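Below, chain A partners chain B and then partners chain C, in two separate complexes.
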Partner chain A sequence: MSADIKQSKSLLQNAFIRIINEKISLIALIIVAIYFLVAILTAANILASDWGKEVGASYMAPSSVSYFGTDIFGRSVLQKTIKATETAVVIGVVVSAISIVIGTTLGMIAGYFGGFVDEIVVWFYTTFSSIPGVMLLVAIAFILGKGTTTVFLSLGLTSWVGLCRIVRAEVMKHKEREYIHAANAIGATHGRKLWKHILPNISHLLIINFTQTFDSAIKAEVVLSFLGLGVVGRPSWGTMIDDSKLELARGVWWQLAAATLAMFLIVLAFNILGDALRDALDPKLKGK
Partner chain B sequence: MKLRNILLAIMSASLLIFSGCTKKQNPNEKILNIVSPAEIKGYDPIQADDLYSGREISKIYEGLLQYHWLKMPYELVPNLAAELPTVSKDGITYTFKLRQGVKFQDDVAFPGGKGREVEASDFVYSIKRMADSRNQSTGWWTLDGKLKGLNEWREKNSKLSATNYDEEVEGLKAIDKYTLQFKLAKAFPQFIYTLAMPFAYVVSKEVVAKYGKEFINHPVGTGPYILPVFDQGKKITYTKNPTFREKFYPSDASPELKHLLGDAGKKLPLVDKVVVHVMKETQPAWLKLNKGEIDYYSVPKDNFASAVKNNKLSDELVAKGFVLEIAPQLDVTYTAFNFENKLFHNKKLRQAMYLAYDEAKANTLFYNDTAFPAQSIIPPGIAGVNTNYKNPFKGPKLEEAKKMLAEAGYPAGKGLPELKYDIPDSTVSRQMGEYFQKQMEQIGIKIKIISSPWPEFQAKVKKKSVEIYGLAWGADYPDAENFLQLFYGPNKSPGANGSNYDDPAFNKEFEVATQMQDSPERTAKYEKMNKFLAEEVVALFGVHRQAYILEHGWLKNYHPTDLHHDAVQYLNIDTEKKAELLKKF
Partner chain C sequence: MNLYSYIFRRLLYIIPVLLGVCLVIFVLFNLVAPDPAYTLLGKHATLKQIADLHHELGTDKPYLFQYLDTVKTAFTFNFGYSWTSKQNIWEMIKAGAGPSLAITGPLFVLSNIFAISLALLVAFYRGKLIDKVVLILSIAGMSIPSLAVVLFGQWFFAFKLGLFEISGYENGFPNFIPYVILPILLYVVISFGGDTRFYRTVILDEAYQDYVRTARSKGLSELRVMFKHVLKNSMIPILTQIIIQIPGLILGLLFAESFFSIPGLGAMTINAINNSDFPVIKAMTIMSAVGFIVFNVITDVLYTVVDPRMKLK
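The block that comes next holds the complex of A and B.
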């Protein structure tokens, strides 16, 4: 046994190995990586930089000129779908970041300090989560006006409750653990105990939550754009689907197909990856 | 609370089930099924500032005048008036003789529940009600400054604790039971048209007093239909007014409408029941039309290619007995500037934008090439527009546009800030916004699209917090004044001049022209003003649209129009033909 200790890997390294060892989760990881790469390339204007250019007539069917046909203005649907990946990935990342920051901070404070602070935080998120999500999204979008920033904020501000609950419960558990008592004994401050000791021990929860928030953010953006509250002036899968609700009447299915397919792939990949991560990061399953 | 709501839900659900079982439809009952593409705000005539509410209100309420159903161009004829008014030589005094024996619909607000006869004093009351500042009528602009003493009455009463309706107003008098007299503050020949608008419909004070705030949901008029129940639902059902007076289908018609004289002389209304389906989305309504559940509907833009070819219906639709009605509309679409923003005082900038814009392509994309390109604000069909006129600044003339933009001081758009373009938040509006953005991009002008829900969009225009925005204006009455007033200084927001355009010279000409009686001189003046606005490019004039309406073979007497809000009373259903045609569906 003693020989093994040297080669022992961290939780994350271990999880990574577990994921690449499993075929399905490896494929999911690759798909997600490709989407991120595409997003970076489009953001750097290397890919799909001329998505706004007309490549043919309005509503051209898929052909070798344009694999997914053209939209109402004769723009390539393929290029639009690729450009929209950037919108989706940016929204996913920013929204998850906002929700993780809010959820973790509030959850940790509530769980660690308990008492009155806990009551306030619990009251706040209970009240907050009792408001129907879509209504809240629409209300925030109305107040802030339209645009990408609104989508970031409205989704970020509405998706932190679940994480906050989990973090709170986890912190409550951890603060009674021996390592925290030890930290207490050497006189660590509250801040140090929270950020240096407890946070690393619950970080796997944040990673799992990131994957979940990411794909629900992508889906929610599509809903918002479909309701006419989302992204304006740049391609997004939501506005593409919104366009299609009228276009379908003239038999134009390619815009809907392209946007749905793109969305389907990344949401599925993230779901599989999320599941795999949950298993891989579970310390109880470590080494099994 | 909760429990009661649940109980209520169960009760209403069971009621629905039972009512579904007990009543069988009479196959000979004539039911007209039509669509309203927007929710109905309610049934108060003085708030009827949108087309869709106006159409519903006109089923129940009536006014002094109406448009002849079968005459084009539009011709005013008496409705609740016995004849057209006598107008004094100076154009100031209008005297109406009322039709006798017209009764309000039966309602508990009247003694014994029986509707009483309409008198001249009811019109005086109804018009004062519109002028009462407490009611915040959206139709006040039609009267503002028009009747002698009415503005003063409004002003004075707004300061009192309650409005005094008994106080006489010089310009608005009931001479006797059946004689009504208007005195104008200054000559305004269009005044007579405003009396045919839903705002001026007659209401009874007993009903207003009885229902108070709920009046808006309890319409009691003199019209052909009554509304037994109104709940803001998806379906509104009207039934025949049993006490409706003897009103007959017209027996004369313009040559092009002669074929609609089949029911001449028959007592109105012709159908027993009118069902209005509130459907905002075009596709479900289109499907319902194709199943024969709706009697007529305009062809949605995305179904156009499959339904209509070279202005002819597809064979499949012809086989089902459908008929296509095409009629130009009295409207104009335009992109407006907010002139409160000094940037848009630069005429060359406006002209450059117009030169860059490709209307022909927009017509293809959004109207399937059915609309007429607008050269100016006044639509063809109204006196005041020279139909041969071509606006020299109408695009697409890209090279000229670039040159003009440079002359305006912004070569290739340099130095020009990003312009905000406001649109209502529908899918098609967004597509139009994107199109505008692309067009302006060609000459280097950057556009940011801002979409808001329709009420919010309207509020932004009224608050002058827009830069550029897209809109359409439909005629309220067939007179060029109704279009030219969109750029008359004193009509600035919150008035109809949402562009806040204010040119003293134009204002003066407008004031002179609107006091003139219809004459070749006035038409010449209108033409001059119209051309002036066109070449100043006070807005980017888009198109005059055409209605493409698909009607079923069993629908009789229908023709698409802009101003006949009260059309349903003339429509008829051939029940035998309907039964026969429905077999093909």
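The block that comes next holds the complex of A and C.
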């Protein structure tokens, strides 16, 4: 009975086990993994590399030649939808990254230092959240002009407030804990305490936030495309949905159907995964 | 601290936030945005024309004064004139508010009643089949892009089946009804998922509190526990959620208004974006922010009046 001590599992390992043990969240995880795989394969030009090629007549109905029909230029809608997966995943990841960097940095600084710094940060995010999301998104995107950078920046700059609030509140609690006092006692610097000690303890919040921001970024890309401020030069689900506003009256429904279905599946999967992650990582928030 | 001084302090806090909002808007529209002269005068403008325009728009003033101009509009709502239609923007907003409210008003009432009753129902039967079905439906509903719902709905119900007007609008109370029914129904579908899920969570949060167990152990019926105890306590977050939607009503619906040709503020914003009409977008941004700030304060104050447990900080 001596070497029987098992190494305990980390929070993340535990969460992972809980997710793959639940049928629904396991399916969601697999769907997300497939989408990411497709995105990587398209980025490497292995999949849908000739999405811009004409495969048939303009607006050909779905058939065995092209399972989702063709668009106005005779391009395969299926290929476009697959190529657009790359666009969506890139948008989701970049936007979440921007929002997590801003939200975490500001939230940690405010929560840790408190006082005047805190007041400034709180004022800053109150200001940002006082402009209704859609209007701020529209204003930023409109001013930066059309393009992929605009999509990244406008979505990233409008989605960090929620995380900043939560991180700030959590850091405020953590900085009074014993382990921080202990770090203090051995002379750890502020940077070390924040980076090495507090950040790992609040990292679950970032993971949960990632799933939410990813979802809302993909959904908001449709809004930007509709306003003519979306991505250019490559297909996206948003532009495909937006294109179909002129096509539906002519009975061309397949572009709308393909893009909506592709988007629906990953957003749904991320929604379910997000809930499962939250339940697994943060028991206090269970069911919310 | 007593209630009145709290309310007073809360009102005072409007000022720095409003100044901050104006700062964000100033930075966006006056510093980051490209020089409007090129949009307005084209490529072949003379230097004199450009200088005159800068003077007319006030963009030749020092930045501090430009910022103060922005602050001034937030209080006076004197937004100047649209670049494309040359109309007074405040008049345009007044004209567009009616049609927007004709959709968002009924939508606000309907969607909230629908979501709250559904949330109550599933909270009552929590964990049972109906709860699971509604939860799955709401998550699925949240995952459909709203633009797709509007496009499909208009095409299918109005164009294909001919059940509703495809587009258009008439002013006046009974006249506008046929035009707004479909957009309202589509948006009830769009908002149902998120709303129901939110209200369900709020109600369930209360359903597991100690006082609920006490009420049950006294022998009260489940129905009485639900309505008399749980609902009453979850009313605070529910009311907050409802009130905070109000300033958004005036913004109208971005997608629906332009698809259904309803001359509201949503359609006005879209037009302004398509025509690079800076002052209109700026005006809508300022107005919505002011509305949001004011209603946020109202919610906070109501919170403290309604709930005696709230600490006045």
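Operating definition for what follows: the second predicted complex is superposed on the first by the 276 of 288 C-alpha atoms of A that agree within 3 Å, B and C clash if a C-alpha of one lies under 4 Å from a C-alpha of the other, contacts with A are read in each partner's own complex, and residues count from 1 in each chain.
Rule of thumb we're sticking to: a contact is a pair of C-beta atoms (placed from the backbone, for glycine too) under 8 Å apart; a residue touches a chain by one contact, two chains touch by 3 or more.
All of these numbers come straight from a predicted model, not from anything done at the bench.
Asks: Per the contact definition in the header, classify A:A249: touching chain B only (first), chain C only (second), both, or neither.
Replies: Touch partners of A:A249: chain B and chain C.
Asks: Which partner does A:Y35 reach: the first (chain B), the second (chain C), both, or neither?
Replies: After superposing on A, A:Y35 lies clear of both chain B and chain C.
Asks: Looking at the overlay, does A:F210 come into contact with chain B only (first), chain C only (second), both, or neither?
Replies: In the superposed model, A:F210 contacts neither chain B nor chain C.
Asks: Based on the superposed arrangement, let me know which partner A:G52 touches: chain B (first), chain C (second), both, or neither?
Replies: first
Asks: Thinking of the overlay built on chain A, is A:V267 touched by chain B (first), by chain C (second), by both, or by neither?
Replies: In the superposed model, A:V267 contacts chain C only, not chain B.
Asks: Between chain B (first) and chain C (second), which does A:G228 come into contact with in this model arrangement: first, second, both, or neither?
Replies: After superposition on chain A, A:G228 lies in contact with both partners, chain B and chain C.
Asks: One more residue to check, A:F73. First (chain B), second (chain C), both or neither?
Replies: first
Asks: Examine A:I131 and indicate which partner it touches, taking first as chain B and second as chain C; both and neither are also allowed.
Replies: second
Asks: Taking the superposition as given, does A:W160 touch the first partner, chain B, the second, chain C, both, or neither?
Replies: Touch status of A:W160: no partner.
Asks: Under the stated touch criterion, name the partner, chain B or chain C, that contacts more residues in chain A.
Replies: In the superposed model, C touches more residues of chain A.
Asks: Need the overlap of the two footprints on chain A, from chain B and from chain C, as residue ranges.
Replies: Touching chain B and chain C on chain A: residues 142, 145, 228-229, 242, 245, 248-249.
Asks: Taking the complex as given, what residues does chain B use to touch chain A?
Replies: Result: residues 282-283, 286, 300-303, 305-306, 364-365, 425-428, 430-431, 433-435, 437-438, 441, 448-453, 456 of chain B touch chain A.
Asks: Going by the contact rule at the top, pick out the chain A residues touching chain B in the complex.
Replies: On the chain A side, the touching residues are 52, 58, 72-73, 142, 145-146, 228-229, 232-233, 239, 242-243, 245-251.
Asks: Which residues of chain A touch chain C in the complex?
Replies: Residues of chain A touching chain C: 123-124, 126-128, 130-132, 134-136, 138-140, 142-145, 219, 222-223, 226-229, 237-238, 241-242, 244-245, 248-249, 253, 256, 259-260, 263-264, 267-268, 271-272, 275, 287-288.
Asks: Under the touch definition given earlier, write down the residues of chain C that touch chain A in their complex.
Replies: Listed in rising order, the residues are 16-17, 20-21, 23-25, 28-29, 32-34, 139-140, 142-148, 151-152, 154-155, 159, 201, 204-205, 247-248, 251, 254-255, 259, 269-270, 273-274, 276, 281-282, 284-285, 288-289, 292-293, 296.
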